[in-house]
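Going by the order they are written in, the chains are A, B and C; count residues from 1 in each one.
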Amino acid sequence: MSQIVFEGVSKRFGETVAVDRFDLHIHDGEFMVLLGPSGCGKTTALRLVAGLETATEGTLRIGDRDVTGVEAKDRDIAMVFQSYALYPHMTVSGNIESPLVARRMHVDGELRKLTKAERQQRVVEAARVLGLDELLGRKPAALSGGQRQRVALARAIVSRPAAFLMDEPLSNLDAKLRAQTRLELVDLHQRLSTTFVYVTHDQVEAMTMATRMAVVVGGRLQQVGTPKEVYERPANLFVARFIGSPPMNTLAGIVEVRDGEPWVRVGEGVLRLGPIAAAEGRSVVVGVRPEHLQPSADGVAGEVRAVEWLGHERHLVCDVAGERVTVREPTVGDDPMSGRPVRLAADPAHLHLFDPDSGERLG
Amino acid sequence: MAAEVVQARTTKVAWYVLLTALSVVVLAPVCLTLVRALSTPASYVREGLPPWPVDVQWDVWSRAFTDGELGRKLLVSALVTLVIVVCQLLTAVLAAYAFTFLDFPLRRTLFALFMATLMLPIEVTLIPNVQTVRSWGWLNSVPGLTAPFLATAFGVFLVRQGFLGIPRDLRDAAQLDGFGHLGFLRRVAVPVTRPLIASFAVIAFLSAWNQYTWPRAVVTEERWETIQIGLRSLSARTVDESNIGMAAALIAAVPVLTVLVLLQRHLVRGLTAGAVKG
Amino acid sequence: MRHRGKDGLVAAALLVPSAVIFAAFFFYPLYRLVYLGLHRQNRFGTEERWVGWSQYREVLTGDEFTEGLQHTVLFVVLTVPAGLVLGVLLAVAANRPLRGIKVFHTIFASTVASSVAVASVIFLWLLNPQVGYFGDVGFFSLSDPDTALRGVALSSVWQNLGLTFIIVLAALQAVPEELYEASVLDGHGPVRRFLTVTLPLISPTLLFLVVVLVIFGFQAFAQVEILTGGGPAGATETLVFKIFQSQQPAQLGTGAVMAIGLFVITVVVTLVQFALLSRRVHYGR
């Protein structure tokens, strides 16, 4: 049971900076998801925790131990790889047992290798937890994708680590299996009460599984918070556009002050803003989620380009002041026709303002 | 519809006929040699060289053994082949491991140098190597017969191809599992690439057993002759004893033929690893 | 903890066995050959005299070498195209889902079991002028200087069939079925299909085979020794044969130069082949 702390950790590969000054505190027992687009450095960060890469700068702690220079096998962590990394020539039982063969474990206060009997017992336990009892004699080639994934998980839990590291473990599963496995993983987390560090580019996974998430783009931490926090108050444009499906709409605009109240002008229309300290004439980017935009009598002007009908709701894809805007609304009444002009507005509480240059949130 | 079926059947039959004809052509030299090996040469010639044995001498095989001391020659070949195959396997696996999984200065250069040896076959390096071997007193000996072949770049290449195919994740998992280099080599790398390594062993066996030029250069005493160079003297006999030479040739091919039939899969895999994409 | 090149010590240990062999029996000989080529020894090998590059010039332009080169090149020309075409024919014929096709595969591949010596002995008696099956076939006659090399080549073509077959068959089997189907849909007949689909896709393999067979051809020795002993009248003496003959002390210099010549030719030929043919090779999709 342990917390994981990144202190100013950077990782460079030659000229490329994969991880840029990470300061992240992962609490003991939480399910922390590192979310970000491909190549953003989240996997590298995970590998740094695992010890498969060494930090170029900074300190890494697991528990209260400084593990920056410690070898992977001595860090008391377990990892589930994207491709599962099962040894193809060993049986399920052999695969599950493998972390116990060469590593020394903490047993009854001492650090030693396990006996054959102890190893076997742990293997049986782990197999039972993941429902693999019947499959112990099989080889990975004879297993389905879901079964292989469970073997990878069993291999991880068998060493009773302080933390579990997972690198996009669901990406090789089909959609249905993915949804089911998400629930199983959350359940596993609750049963084991161990720290989980989970890497993914899929924000649905992040939102549904994380106790907290860290959005990573370009090797830098953009925002750390609960899914709710990240969704409702994105710290910058990256995060705003990355979280949410369909993604948040972002429009360029200029602040206007009318009767002491702040408004933002987008094209020909204006939107009323919530209380915000922004000077008249300031350029901003205003963000609003598709579900918060509604057709209304006033607001910004646009034209419906396409309607995507999804049964329970429909998406209106519109052009507003030259930018693409998506509106989610319940399927009430006839579908609007494409080509039809429309005015859209939103409650000021649901409008986010960002600086156009830095992307940072304003207010 | 029936017409199509008939035509399909006719085409099939045509193919079988063609394939059988081609097989006859391919097998003819060996079959004819077998026929002649079993025949008494003089009678066989007199009968006008028929495609069946004439005046069969069943004891030609044992005569080949006693006359040509095949037993000793086969033993020498076997010993030399064993040493070469085992050493090539060891050196190739170790070197391939280094080139695939280790990081060290000059790695690319060294690999290029290793591969460059492929351009230096024994036919080119014959004269100096014979000098070296002679100066060490290794003529007519196992060390002399095997020394230049204890390592081969082809093996390093082949095994490295196999090792390269091991997914990165598997190496990471092994590292997390606490396996050092030796552990990883023994428990993961070699078992996973076993098919390719087996193929290399088959190819190494074939080329060691079939070698001619080098043994011919370093063997001057008959008792150290390998079976292949033994065939030369055995085949230089008169027509009346020609069947012995032929029998010896066939005997020499038996081990390889056995390996081919039993391990064809491995052989094919090894030969095509470098040649075929996909 | 991790530094570039951290595994130096371990790597050294793993590479030393191979490196020692390569150094002693591959690279040192190369140096030694050059050295020998620069000297001339007397008949007993007791004296050695520096002669410099003139010996290279002499030998490489001399009759011995040019003859040997001619014979070797001729041998390559005789064995490689024929061997390739026959191998492709066999592979194409055997690449079909008939019952029992595996038997044919084994038969066609079987010549790979024969060593050069074995193949030579077989053809020695097949082509024997007095008692051979094809002894009276003038085209391959081993006793006629003009045709003897053809006889030698025949034995090698037969011997290489197995290898060529195995490799081309594997290449054929690697061609995706869909491409053939697309070709059928395009209305191509079998010949056209072969030319537009099969041939381009197996061309990397064919290139590889050509290189291998040419290199084998340049190394021809055993078949010459067993079939003709270099005769009649030196008509079949290949380069390696001549190199082998030149192991007497007085001829070491000559032999060394010839060996260097062979080496350079092999390297050049290989490189040229790659350059020339890879331009015409179609690399898959």
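Basically, a residue touches a chain if its C-beta (ideal position, glycine included) is under 8 Å from a C-beta of that chain, and two chains touch if they have at least 3 such contacts.
This structure is a prediction, so every number in the text was calculated from the model and none was measured.
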Maximum centroid distance from chain B, chain identifier (CA atoms): A
Of A-B and B-C, pair with higher C-beta contact tally: B-C
Rounded Å distance between chain A and chain C, as computed from the means of their C-alpha atoms: 59
Centroid distance [mean C-alpha coordinates] between chain C and chain B, Å: 16
Mean-CA-position distance for chain B and chain A (Å): 56
Contacting residues of chain B [partner chain A, same complex]: 167, 169-170, 172-180, 183, 187-188, 191-192, 194
For the chain A and chain B complex, residues of the former touching the latter: 47, 50-52, 72-73, 77-79, 81-85, 87-89, 98-99, 101-103, 155
Chain B-touching residues of chain C, taken from the complex the two chains share: 4-8, 10-12, 14-15, 17-22, 24-30, 32-33, 36, 89-90, 93-94, 96, 98, 101, 104-126, 128, 130-131, 133, 158, 161, 163, 166-167, 170-171, 174, 204-205, 208-209, 215, 218-219, 221-222, 225-226, 240, 243-244, 246-247, 252, 255-256, 259-260, 262-263, 266-267, 270, 283-284
Chain C-touching residues of chain B, taken from the complex the two chains share: 12, 15-16, 18-19, 22-23, 26-27, 29-30, 32-33, 36, 41, 45, 49, 90-92, 94-95, 97-98, 102-105, 107, 110, 113-114, 117, 119-121, 123-132, 147-148, 150-151, 153, 156, 181, 206, 209-213, 216-217, 228-229, 231-232, 234-235, 239, 242, 245-246, 248-250, 252-253, 256-257, 259-261, 264, 267-268, 271-272, 274-278
